[in-house]
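In what follows, a structure is listed as C-alpha cells, so that the remarks can point back to it.
As written, the chains take the letters A, B, C and D, and residue 1 is the first residue of each chain.
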Amino acid sequence: MNTFGEIYRLTSFGESHGPAIGGVIDGIEPGLEIDLDAVQAQLWRRRPGQSAITTQRREDDRLEVLSGLFEGRTTGTPIGFIVRNADQRSHDYDNMRDALRPSHADYAYMAKYGLRDHRGGGRSSARETISRVVAGAFAMQALSRIGVSVIAYTSQVGSIALGKPYDQVDLSLTDTNAVRCPDADTASRMIALIEQVKAEGDTIGGVITCVIKGVPPGLGSPVFGKLHAMLASAMMSINAAKGFDYGMGFDGAGSRGSEMADLFVPAADGAAPHMASNHSGGIQGGISNGEDIYMRVAFKPVATLLRDVDTIDSAGRPVTLRAKGRHDPCVLPRAVPIVEAMAAITIYDAYLKQKIYSRI
Amino acid sequence: MNTFGEIYRLTSFGESHGPAIGGVIDGIEPGLEIDLDAVQAQLWRRRPGQSAITTQRREDDRLEVLSGLFEGRTTGTPIGFIVRNADQRSHDYDNMRDALRPSHADYAYMAKYGLRDHRGGGRSSARETISRVVAGAFAMQALSRIGVSVIAYTSQVGSIALGKPYDQVDLSLTDTNAVRCPDADTASRMIALIEQVKAEGDTIGGVITCVIKGVPPGLGSPVFGKLHAMLASAMMSINAAKGFDYGMGFDGAGSRGSEMADLFVPAADGAAPHMASNHSGGIQGGISNGEDIYMRVAFKPVATLLRDVDTIDSAGRPVTLRAKGRHDPCVLPRAVPIVEAMAAITIYDAYLKQKIYSRI
Amino acid sequence: MNTFGEIYRLTSFGESHGPAIGGVIDGIEPGLEIDLDAVQAQLWRRRPGQSAITTQRREDDRLEVLSGLFEGRTTGTPIGFIVRNADQRSHDYDNMRDALRPSHADYAYMAKYGLRDHRGGGRSSARETISRVVAGAFAMQALSRIGVSVIAYTSQVGSIALGKPYDQVDLSLTDTNAVRCPDADTASRMIALIEQVKAEGDTIGGVITCVIKGVPPGLGSPVFGKLHAMLASAMMSINAAKGFDYGMGFDGAGSRGSEMADLFVPAADGAAPHMASNHSGGIQGGISNGEDIYMRVAFKPVATLLRDVDTIDSAGRPVTLRAKGRHDPCVLPRAVPIVEAMAAITIYDAYLKQKIYSRI
Amino acid sequence: MNTFGEIYRLTSFGESHGPAIGGVIDGIEPGLEIDLDAVQAQLWRRRPGQSAITTQRREDDRLEVLSGLFEGRTTGTPIGFIVRNADQRSHDYDNMRDALRPSHADYAYMAKYGLRDHRGGGRSSARETISRVVAGAFAMQALSRIGVSVIAYTSQVGSIALGKPYDQVDLSLTDTNAVRCPDADTASRMIALIEQVKAEGDTIGGVITCVIKGVPPGLGSPVFGKLHAMLASAMMSINAAKGFDYGMGFDGAGSRGSEMADLFVPAADGAAPHMASNHSGGIQGGISNGEDIYMRVAFKPVATLLRDVDTIDSAGRPVTLRAKGRHDPCVLPRAVPIVEAMAAITIYDAYLKQKIYSRI
C-alpha cells in the first residue's frame, strides 16, 4: 500500500515529524549512469521556502543514497535513500492533538487506524512526496536515454486559466517564474492572486497540465493496465488531487465522433504512421501511439487555513483551532515537480513492462 | 495485466469473436448467499440491443458459473465463469484486416504485439466489460450486506447536461428511460440527440455520475492506495473513458479553501461525527469518511462511425473503410452498469483490505 | 491466492465436482505458434485411469481454449481455458458430508472458511492440477524456442530408490513404463510395490526428480526472488508435496566447502565459463548459471485409504468412514507431468522477467 | 523482487560495502506496542563476531527506526529503518574485482546485470539478512499477542546430527551455547567440528530445525498459497539454503498412508479437534490445523574458503585467489535467528490475510 509501480517500484516511508522521509527504488535497469545533482535539483524544485508564494517552512532536503549505486552507475539492486527532516516545530501542533481539522484526513485516519500521529499530518503530510520526486528523477534519467521527456506546468490558479493548449506555449519558460506557468502575463496574474489569497489567510486551488513527449508506441495494456488508467492512479495519489483527464478529456465529452477522429496521414512505405490531430492524447485503447501524451490534474485548495476555525474534537465537542503551522496558500507551484515525477515513474514502469514483449 | 483488485480480484479473458468471454473472481468472502438472477439482470443492463439507442447486435449474454458456489453460497474458492459469444459476424470485419481505423487501438496494438485479431476489436472490444459486470454484481451483493449501495446515471450527453447535483434528483428513476438519466425531461432531450446523431452516422460522448452510499469510514490508504486513486484507475480502465473527478473535482479547482471546508457539526458524545457539507466527496486524505462518495467519468464519442472513413493500411497506403459493424451511437446508457460494477469491485476490495486492520 | 507467477501468470479455478476446471494464462509472449495437441498430450499424461497403478476414475479431460489464440498463434492477450468434469460420482461422498477425514484438509478448511464442499475434496482435489498442466504446456512450448527442456521422473517409491544421479540414466525412457522411472529394473520393482500396497488398501509416498536443461544464465534475482525459492514455492504448492531440495540439497548439508566447490575451467577468451562439477545445481546466489538445474520433490503417501477409518465428525463425535472414492495408491506417476509443468511455468516467468533487463 | 510478503511486506535494500543496510516494513497492524530493545537483541543474535566460531568481522549493527512509530506504538504506516555498515575493509576485495569465485554468485551476477559490485558479495552478502531479522522481530511481537511463538535451532552440522525430534529436547536451552543446539552434548561435538574445519581453512554445512507453536487453524490457502509453500519460499530465499521439508518430509516419502495418518481423538462437543499424532507437521491441504508446525532447512557449506583457490577471471583466464575476507566457517549459528525471522514474517502475513475472512 506504500508501493507504487509493478516493475519499477517505489516503496515509500516517513512522516513529517519523524527523523526522515525515504524510500526504496526497485527494478531500475543496471548500468545506468546517474547524475545525483540532477536528482537533488528536482528535490529543490519541490522544497518549501523556495519563493514568497510557498510555505516558509525551511528544509534542506538533502538526499542521501544508501545503496544500489557503484562507481556512479546503477547495479540493478534496490536504491535505498533518505532525506532527514530538519525544521520540525512539533509544538505548533500541540493544540491539534485531539481536534479534528475540517477537510483534513484526521477523522478518516482515526476511523482507519484507531490512533494517529497528529503532528504535521503524519503520513498524509506533503513531505511524503519527497520520495516520489527522488524516484521520478531516477526514472527521468532512464527515460531520457530513450528520448522521453516529461514537463508539467501550472495551467490554472483559481479562475485564472492559461487559455492556450500546451503546444502553443514555450514550455522551456515554465521555471522562469514562481508559479511555474510558462506564459509570463498569466503567471503574474496567478502570483498576484496567490499573494492576495495568502494575505487573507485563505488558500486557492488550480490545475496542472503535464506533457510527455517521445513515448514509444506500444506502452500500456488493453484492459485494466491501460496507460491512462495507470497515469490516473499516479496523479490521483498526489495529495489534494481531485480530478484527472487526458487528451480531449472532459471537454471532449460534449463532442461528436466525427469531430474527434485523429485521421492518419498516408505515409511512405515503412515510415511510422502519423496523425493529423491528437485529440486522443497519445493513447488509444490504453496503449501509447507515439504522439504526445498530455493530461490535466485538478487540485483542491489546501484545507489548512491561517485563520481560526471552528471544529470538533474526537469526542464530538466543539473546539476552536488556531492554526500556527506554516502552509502553502497554493500547492500548485510545488506540485509541478511531483506531477512530473509520478508521470516519469509511470511511463518508465510501462516501458520496462513492454521490454518483456518487444525489443523497443 | 488482466487482473484488477488486490484482495477481491477479477482476472478477465476473452475477445468478442472468440468462443467466450469470462473471468475468475478470487478473494470473495465464504458463506455469502448469491442471487444469480440478480447477477444476470446486471448483465442484461449492459446487453446490446436493449433499446433503440444502442447497437442492434444481439447477444443472449447468458452467464455460466463454473466453480466457487456450493448449495447457493460462496465457498471462498475462486468463481470461474463464462458467457458465450453468439452473434459473431466476423466477415463484417474482413475489410479491416489490414486497415488501421482512426482513433481506434489498431495501430497501438500492432506496435505493442506485432499482430492483432482484427475482428470486432479483439481484446479492446466492449464485450470485455461483461467480466467486470459479473464481478461487480457479486461485489454489490457482498456490499449490500453491510449497507453499501452503488448507483450511476447518465448526467451529460453531448452538450445536454443534467443541471442538478445527485442529491437533488430521484436516483430510483434512472432505469425508467433508455438513456439512464433520472430526470425525465433531460432524458428525452438526450435520447432525441442520440437518435439524431445516429441518423447522421455519427456518435456522441458524455458524462456518467456515480454515487456510493453507506461506505464505512476508514476504507482506502494514505499514500498510493488512496481510495479515489483506486476509483480513478477503475473508471479510467473502462473503454472510452477520458476523465475522472470526485467531490468538488475540476469545478472546485477554482475555489478557495474557506469555501470548500466541510465543517464538522458538534455531536453528542459517542455519535459519529457529521459534516455540514460534502465538498470532499466522502474521501479525505485518501480514506473514506462515511459521507456519500460521488464522482464523474467522462466518455469520448465512440470512434467507429457508420460512414465511409479515409485512413491508411499497415503499410501506410491510403484506404477507404466502409464500416459495416453495428455499434453504439453513444456508449453512455450501456456504460452505466459498467461504472457501477467497477465502483463496487473497488469499494469491496478496499473493504476487505480494511478488515485486516479493523473489525468493521 | 489462486494466481501463480508474476509476469507469466496462471489464475486457476474449479472443484472436482463442479461443472469444470479451468484457468486464465496471462503474460505469454505474442506471436508464438501453439501446438494444442501437444498441450492435450500433457493433460493425458496426468489423466486418471491411464494405467493399472492409477485411480480408475475416468475423465476425458478434453481441453477447450476460449481466447488468446488467433490463427494458431498467441496474440499476447489472456488465454482462458476449461476442462469439463465428467465422471462425478458425488454420492460416493455423501457419507463424508460431516466426517473429518484424517490427514486431509477437511478440518483445516472448516477452520478457514466456516463451510466446505465435501465432494471429492472440493478445491483441494488433485483435479485442480489440470490448470497447472495446461499452463505448463504453453510455457514449455515457449521455452523450447530458446532451447530449454524440462523433464521429471519418479526416482523413489517407498524405500525403492533409483540409485543413480540424473546424468547416468537415459531420461528419454521415462514414459516407457507406468511409474515413469527411466530405469526399467527399478521401475518394475516400484510397480510391484504399488500393486502390493494397492491390494492392501493402502498408499505409498516417494520422490520425483526434475531436470531443466538449457536455462540461460541470469534468471532469478539475488534476494527474495531467488530462482530456487521460486521453484520451491512452485513444487511445494503441488498436492501432497512435503519436501524440496536442489543441487547437493540435504545430502550436501553434511559436506565441506572444499568438497562442494564447483571449480571453473579456464576457457578461451569470450567463451562462456564452464564448471568442472555442478554441486550447485545450476543456480548460484539465486541466479541461474547456465548449468543443468536439478531438484527433488518428496511426496507423502495419499491420505485416502481404501479401508475403514475411525475418525470424528465436525461435532467431535466418533464416526467410521467407509471410503468408496477411487483414489491413487501412489501419486508419483501422475505427478510427474505436474512437476514438469510447475518447473516450466517458473522458468518461463523468470525468463520473461530477465528480458526486462537483458537482451537474452 | 526485493519485497517479501503480501500483506505484511518487507522491502529490503543495501550492500555490505555501502553506507547502510535497511528496509521498509509495510502492513503492520496499528496500535501495537513495540519493544525496540527486543528487536535489537534479535539483531545481535545474528551479529558477526559474537563467538569464536563465527566470522571475526565486527559490526555494531545498531538499528535506527525512521518512521511508523509514535509514542511507542505502531501507527499502521510503514516502518523505515537502517543499520549502518561499519567495519568495511573494501580493500580486502580488490583482488576479486575481476576474479569469478567458485560456487559464488559472481558469474551469475555478471550474466544477469552485466556489472557487479565485487566488494563483499554486494547484494548477495549475508548482511542483507539484517533487514529480515528486523522485520521478523516486529512480526514476532505481533504474533506473541495471539500466542504464537517461533523457535529455531541447529539440528545438524556436517555429519553430527541431533538424533531426537523437537518435542524431545528443551528448546529453551538453544541459546546456551555458541552453535545454538539445545542438546549440550551434541552442541559441544558440533562446536569442536566447526573449530577443526575452521583451522583447516574450510567450511561446513548443516541443518536448522524450526518449530512454530500456537498457530491458529485456518492460515494459508488451498492452492498456490499453501502455508508450507510460503514457508518454503521464505526459507529457500535465505543465503546458502539448499533444501526444505516439513512434517514427515523427505523421511516420510518412504512411508505408507496407514502409518502416516494423524487420527482424530473424539472430543467433547464444541472442543477443538485434537490429533493423536502430527506427521502432517501442523499443515493439511496447505492450511494450518492448530498443531505445531515444524520444518527443516538444509544449508550448504559456505563457498568462501580461507585458502588459495584456482579459478578464472571474467575473460576466462586462470587466476589464483588468495582470500583475505573474514567469513564464517559455518553459517548455522548465525542463521538460526534468520530462519526464525522468515518464519515469523510468513506466519504473520498469513495471519493478517486470514483476518480478511475470519474473526480470528
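In the analysis below, contacts are C-beta pairs under 8 Å (C-beta built on N, C-alpha and C of every residue); 3 or more make two chains touch, one makes a residue touch a chain.
Note that the structure is a prediction, hence the values are computed from the model and not measured.
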item	value
Neighbouring chains shared between chain A and chain B, ordered by label	C, D
C-D compared against B-C, more contacting pairs	C-D
Chain copies touching (chain A, chain D) - same or different residues, decided at half shared	same
Whole-Å separation of chain centres (CA-atom averages), chain B against chain D	46
Whole-Å separation of chain centres (CA-atom averages), chain B against chain C	39
Computed distance of Cα centres, chain D from chain C, in Å	26
Touching two or more other chains - residues of chain A	1-3, 12, 27, 30, 76-77, 112-114, 123, 222, 353, 357
Touching residues on chain D, where the partner in the complex is chain B	7, 27, 29-30, 76-77, 222, 352-353, 355-357, 359
Chain A contact footprint on chain D (complex, rising order)	1-3, 9, 11-15, 18-24, 26-27, 30-31, 64, 66-68, 70, 73, 75-80, 82, 112-117, 122-123
Sites on chain C touched by chain D in the complex	1-4, 12, 100, 102-105, 107-109, 111-114, 123-124, 128, 156, 158-159, 197, 202-207, 216-226, 228-230, 232-237, 241-250, 252-271, 273, 275, 279-281, 283-290, 296, 298-305, 307, 309-312, 315-318, 353-354, 357-358
